[in-house]
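The following blocks contain the structures, represented as structure tokens.
Heads up, the next two complexes both have subunit A, just with different partners, subunit B and then subunit C.
On to the complex of A and B.
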């Protein structure tokens, strides 16, 4: 496992793609977050709703580059045929897959932390004093939102890795992941029946997982912050399981 | 497997046709691509099914419709008595104040620009019945309105005890004329309305309406009180036998009174004080929250968009991946032609699949929704056709954008993500309740997601204050202007791709 992990880490470290994608994640997240906060109308009471959530809006965009990065770690290997070398070097496919997942987790956690902290910092610079108070990292809910956002991005990475492994193509993998993330909430919004809409919102990986960013009235109509992230974790686990099993069962 | 490659002979048109045919054969014979493109249609239908069966409004009170056929809000406090045949009614308005709840049960003064107090002649107290009215408003001066959608501006300025406004309505057959005055003797005509269906005996009198105030991304119910003086009809000064009625008390387009308030009128001497809420106006998405509209039935567009985007990007990146691009370009050395042929074939197939999807999804969704008692905002067949064709064109153009980005980046995953982020994410951002309205309008104007304006069917009204944002189905750009934004991105990307394809060493 250690050598496999080392190999995967070297691949991620030395290829130009992941580095640019990680940088892209940070820039995109911070940029969209800053745009959102700079357009908010703030009064002494607050900034119209959940300031922390507003300051972390960019995650909607950042998760797309994370999805590419993750899908590419395996989809790229299928594209170039490198997967054969990988599996020849580490014949235990489960181990090779796990090593990929662990290396990816590390990289995404690193980039995600920079993106989330950068967004909050940008929010504090942009917003007037009332926004500053809401975005103090000393406040428990804000710290939880930042930490949760990093975990959320890691889970999206793992979800994307699992799906890309299952379909053996990074473009299709990214399409499916972004479908799950972006389209499920839009589809659920068209369901008129409140009960079903709630159910869909609670089951969708993005709307459930991002409830970890709620700092005002956590809970509400959504699941609690951690339970919501748990739903995303469930999706990621299912995708990893499906990808792992298919990788073992299939002829590369 | 080494196929012999013969470059196409030079001749202009025939050469392009052969490239076109080659690309058509490619797209037709790769099973995954065909499935992906054709999947667009069932995705649209499935989403329409979901939206159609998802809502249930059976047993809800019917949505009132005005003489123009559209949904209306016809809920207000009416102090009236019968007016047989032709007649005239005059009053002075000396105060109009509005209140908005600051919290539960805590009413505070506020400004409601379209709060209305004045005179109305109406066929009856049934919702949706024809009328003509003249009124003072909270922030838009004197207005003459009829048929729910017609609005004419009169003298501007607010009313107060020092500067009251006299209002007069004259009925002569089907013609109602409204006048305004600052002193009760010198009158200026504000407007004339032809109102058919007033009947031989109409109801005439005072009314007060107070639409919900727009606040943040939502609305808050309001209530307004007006003071009237010097009410008289052509037969002379009257008193006593006026009836107070809350028109349309239970209606899907009326949110009701704020807590602990209700409509009422009191008369003391020549002074009458009337309190009311509601509106006499066309219903918009905000004021008719249970109403569905065409866009809801087409949510499958987003799922279909993903399918056509993935195929569009792979249509070229796959060639880079397994190096068939070498063969393709050897067979047709004029490289930009290959790109144009690919784009044309892709656009046509995606458009056809999308059109089948929309043409099936729209009637199916409408039928299911209506069967469940859901009221749908009415749409003309021309608009319906525009939405169907526009949505198919949106899908096709987005897949060409993915093709062009795929050719530029030579990387399928990045191209797919770029297109989806540029088209779907804007819609998602505008749908989040905490997204500032400015950001929401900006992304719906400059990103390729602006093309979703082709699905706009709702009409904004200047005389109804509401949240006219993409979230509610009101786009900042006109339908085809929004589509042009996406087309611009697609064409520009194709041009860049053509240049790069020509310059690069494959």
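On to the complex of A and C.
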């Protein structure tokens, strides 16, 4: 496992794609977050709404580049046939797959941390004094929101890795993940029945997972921060399991 | 039996309606180049993928160094393989491609530079593999196969895309690897590519080994006991040799081919019967003939129903 992990790390390090995508994630997240925060209207009493969540809005965009990065780590190998080199070098497929997942987790955690901290920092610079207090990392809920956002990005990466492995193609994998992330919320908004709509919102990986960013009204109609992230984790686990089992069972 | 061997026994594999492997069996021995020849779709690539644990056989076993490939800890130190239809990431340099492979086997960057030098890629090592010609990519593939300094090498169509200079280099290189005591399995759909290089041949057709023998042995078997005679008196020669029990057939205006009689007996009979002849040669089949003879049925089968295995 150690050598397999070393190999996967070298792969990520030596291709230009992951580097640019990670940089893109950070830039896109911070940029959108800053834009969202700058539109907040603050009074002496506060900025209204959930400032922390607002300052981390950019993740909605950053998750897309993470999904692409993750899907490419294995989908690209299917495209070139290099997956055969990978599995000839590490014939235990569970190990090969786990090494990919762990290396990806490390890279996304790194990029995600930069993106989340960058967003919060930008928020503090943009907001007046009163909003500043809400964005202090010393505050428990804000710290939780930042940490949760990093974990959320990691889970989206793993979800994308699992799906791309199952479908053996980057483009298809990315399409499915983005559909799951962005189309599901749109669909749920069209559902008239309140009960079903709420159920869909609680089950969708994005709306459920991002409740980890809530600092003003945790609980409420949503699942609560950690339970919400747990739903996303469930999606990621299911995708990894499906991808892993298919990788073990199929010829390459 | 030495440890450096591939032993394939009774491999069967179906892809839906296609029988890709149908009882493939052969061995690869150390110190020799074993040519793996046969028409496209004969099962060569599938066999190699089964040996490497990339594809699962429905029945049969494939052992490398006495073990299933998947049970090897650092497999590239035991078996090096060049696979068809495997390209490095186009955006990664050749050196970095080899580097991740080395890291997967617990090998150092020093080993990477050594194999790059061995295949003559040093000047291009830090260029992106996407810009490589097919011949250069083959060299990179050979470098990857040599990375773990393995006693067993398995090369699928190594001559593909090589220019004449590259082919000559490859032949010499394969010979020198075998001379170091390694076992080599080299596949090709063209007999001419392997005939000067191989010591042994596995001829594949319709998913099984039609022959698994030494090159000399195969040629002797296909040549039979045949003698070509050049004579101006063809009817006389036919009569004299036929009476002695030879099967005579005319193969040209002034040549006949005799089978069933050794060359010295043919000479004695003709001299004794006062039949003039100007040339008498033992017929020697070419490998090309052996190959065509053995694969004829397989090729016909292929023409009737496309059986190209999915890659």
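Following the convention adopted for this analysis, the second predicted complex is superposed on the first by the 252 of 252 C-alpha atoms of A that agree within 3 Å, B and C clash if a C-alpha of one lies under 4 Å from a C-alpha of the other, contacts with A are read in each partner's own complex, and residues count from 1 in each chain.
Keep this in mind: a contact is a pair of C-beta atoms (placed from the backbone, for glycine too) under 8 Å apart; a residue touches a chain by one contact, two chains touch by 3 or more.
Nothing here was measured: the structure is a model prediction, and the numbers come from that model.
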Both complexes share subunit A, so when I overlay them there, do subunit B and subunit C fit or clash? fit
Considering only the touch criterion stated at the top, classify A:128 as touching first (subunit B), second (subunit C), both, or neither. neither
Between subunit B (first) and subunit C (second), which, if any, makes contact with A:251: first, second, both or neither? second
Per residue count on subunit A, the busier partner among subunit B and subunit C is B
So in the superposed three-chain picture, is A:94 touching just subunit B, just subunit C, both, or none of them (first/second/both/neither)? neither
Subunit B versus subunit C as contact partner of A:175, first or second or both or neither: first
Superposition-derived angle with apex at the Cα centre of subunit A and sides reaching subunit B and subunit C, degrees in steps of 10: 120
Between subunit B (first) and subunit C (second), which does A:65 come into contact with in this model arrangement: first, second, both, or neither? first
One more residue to check, A:6. First (subunit B), second (subunit C), both or neither? second
Report, in whole Å, the shortest distance between any C-alpha atom of subunit B and any C-alpha atom of subunit C after the two complexes are superposed. 10
Overlap of the subunit B and subunit C interfaces on subunit A comprises residues 80
Counting only contacts in the complex, subunit A reaches subunit B at residues 35-36, 39-41, 48-50, 53-54, 57, 60-61, 64-65, 67-68, 71-72, 75, 79-80, 169-176, 178-179, 182-183, 185-187, 189-193, 196-197
Report the residues of subunit B in contact with subunit A in the complex, numbered from low to high. 47, 50-51, 54-57, 216, 290, 292, 296-297, 299-300, 302-303, 306-307, 309-310, 313-314, 317, 321, 374, 412-417, 420-421, 424-425, 427-429, 431-436, 438-439, 442
So, in the complex, the side of subunit C touching subunit A is made of residues 49, 52-56, 69-70, 72, 74-76, 81, 83, 85-93, 96, 99-101, 103-106, 144
Write out the stretch or stretches of subunit A touching subunit C in their complex. 3-4, 6-11, 14-17, 76-77, 80-82, 84-92, 251-252
